[in-house]
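One chain, chain A, appears in both complexes that follow, with chain B as partner in the first and chain C in the second.
For the complex of A and B:
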């Protein structure tokens, strides 16, 4: 059973792997655009990676207005 | 295509189209690798008519304003056709704005009807400003069963009670308003461009004379349909020519690539960011080829470049570079790129592969497109020539011929909604003042050299006005502050790398502390990523103010320009 905490940890790990940023440099409240140095298209790429991992489908709009890992993890959690 | 000179309104032209091509496919809605829906013109019409009748039963009349806030999908176009058929005025709003911004524009437009997707409606209903929401009828699409709809009705169930009842067609004159399109003003002063039926019909004739559509053509619609470009080339253009629109409900690069081959796409419109992402993907694939094949490919690209130098030759390019064209489905004729500046290197990359890129320049106020590359020959360094019927001149040109781009055409908007002052500043003696700096070369091509107006445009094609981001800095512990576009303060004659700069005037005797900088950075993070400021500038003089204590932006900009250089800006 995943909790918001474990989901957040997984999101951070996936982001770290996908964009090759050391995991210890990423925090739940970080702005992922700034921290990962990515644009909105690359953020959609991350969403695809997350979907494969959690075996869920996240419409693009779930990313709308979301800047930080924690809120993203909350959106995922609500669909698990 | 239809002879659009015969029609007075979009509703009339679309109605003629559904009669002319009843069994042609007009609309496909895909989501990832699934196909949600597929409509012939006659099925599309039936869906719109059932909705139109129900709208009229609910009091929809000639000139009634109806807003749409939806991602690209079939119900967007069905609803729009129903609105036009019933003589309404369409207010297409950007689904990517925040709920508070959407509510502000809904209030400004005085829309009485709203068609909205369920997830967007939820966000609107939760916003503080929802208390003042004034639309009379709200239709929500795709709402799950049993959920709270906050007074809205389900789009799918909002149908004429009698299956045979058809709506009454409501004619409109060419000069009547077709749409109110917001080009900016989410946090400041709304700019609602009032566009007439004539604006759209004329633009459609001009654009399709250069890039024709016909039955069998498939246009991939991924730019938001609320945006002027997609509304024209992803709705009105193809529909008045019997062609088809393919909606893709995701912008994931892998599904966009799949859609090209699955649906044999003929045309697509993109913003520069997506075009660059496609370029990057292709370059990567080329780099991974075994050395011998890579060399072969480079030779073929070189040959194609030499053979298409003077004019494109699609058949030849497809023969030479078959694999590349196959990856785009094999039927692609052109990609339109707009909304922001595209680097010449990217345009040249695609042209060398035999993939034509219709690079253009335009703005909502001008009725979408002003200039576009006519490929006679291809030029990567300009935004092309004025479209037929479009007069372009340069106002107050300097010694190098650079000045403000002015436009006169039957496609130029009527006015800004409820703002005669701003209309008078923007349309002078019949000429639209664009705020962009350009030069017309001896071949009649327009080259752009930055902006005269205080704004930036991002690679995603988003127009950002400093006034719209200032609210996030309100209450900052400084005497006063103001946001400018860096290129407005220090013109650089470039269209790339545009940034916003926050000018802060600290309280007397107070230094700029690390805490203050941290607070600025924190508040900046509260803005959506593309709206953020790039740096700040410390200013030690009082801002010039008007009698009503508003900042005189022009004067302040002039003072900063004189006293501080770009290098005094501190990056965030």
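For the complex of A and C:
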């Protein structure tokens, strides 16, 4: 069963792999827009990868105001 | 004209399939130049379709299929008009889009939208003109218009109602959320979901399959199973134009136009 910690780790790994940022440079409280250097279009891309990876639906309005990996993982966790 | 290369799109014929390729930065926003070139395409379609069996609509932009209407141009053109002429100006644009849409919708060919990435608003409506939607797994479909105080106006609501259950229509319209290709397939919108970057290849394979069938039979079947909802399409234009006059819409469009985000697609 996934915990918030394992979900956060998986999100960091997904972001690291897709946006080519070393995993050890990413922390749960990082602003992912800044740390990954992504715009809203790339954030949509990340959302789609998250939905596929976790096999969930995560409406984009739930991500309004969400900037850090930990809160993103919390939103995912609530759908698992 | 079998071949065309314009500022925003091009078309060509390969193995009896017409390929209409959108290519306007950043993500094929539909403004007056795209509309004029789509009108040129529908003008050429009558002649093209004599020797073809399929039409594929796709995008050359990595960002996606199409992000919808060019709201920045719409806003600026509207603001350039005296207030009492703004609705007439937007109605003229929308009605021209509907003429194009109805021609593509009714074309006696098998029409296939090969979509990827952002397929929002008018882009989603463009895909809904087609008989089949082949979606790359990274596609996101969305009707964000209510965020601006508007409804879709390129024929999206009647065509979505034609294709899927009303619950799906309400979900997409009333929440303005985007859905991925898997969800779109489960809802009956996308006929096939492909690997990343594979939508056009799969659309071409589908076009090769439908080439085996008698064209007159395909045309008769299509006419029977895909009626054009003319009355509802007219109602949609009227509702859109009615909503467009409200100050909240002007304010919403101004916020969008003035946004510092290069691609302000998220809510």
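The working rule: the second predicted complex is superposed on the first by the 80 of 80 C-alpha atoms of A that agree within 3 Å, B and C clash if a C-alpha of one lies under 4 Å from a C-alpha of the other, contacts with A are read in each partner's own complex, and residues count from 1 in each chain.
Convention: a residue touches a chain if its C-beta (ideal position, glycine included) is under 8 Å from a C-beta of that chain, and two chains touch if they have at least 3 such contacts.
Please read these numbers as outputs of a predicted model, since none were measured by experiment.
Engineer: Given the touch rule stated above, what does A:33 touch, chain B (first), chain C (second), both, or neither?
Structural biologist: A:33 sits against chain B, while chain C stays out of touch.
Engineer: Now for A:67: first (chain B), second (chain C), both, or neither, which partner does it touch?
Structural biologist: A:67: touches chain B, not chain C.
Engineer: Could you say whether A:52 touches chain B, chain C, both of them, or neither, answering first, second, both or neither?
Structural biologist: In the superposition, A:52 contacts chain C only.
Engineer: Take the contacts of chain A with chain B and those with chain C, and give the residues found in both.
Structural biologist: Touching chain B and chain C on chain A: residues 39-41, 44-45, 47-48, 59-61, 64.
Engineer: Once bound in the complex, which stretches of chain C touch chain A?
Structural biologist: Chain C reaches chain A through residues 27, 63-64, 117-118, 137-138, 140, 142, 175-180, 182-183, 261-267.
Engineer: Taking the complex as given, what residues does chain B use to touch chain A?
Structural biologist: 71, 95-96, 98, 119-120, 249-254, 273-274, 277, 459-460, 525, 528-530
Engineer: Which residues of chain A touch chain C in the complex?
Structural biologist: Residues of chain A touching chain C: 39-41, 43-45, 47-48, 51-52, 57, 59-61, 63-64.
Engineer: Which residues of chain A touch chain B in their complex?
Structural biologist: 31, 33-34, 39-41, 44-45, 47-48, 59-61, 64-65, 67
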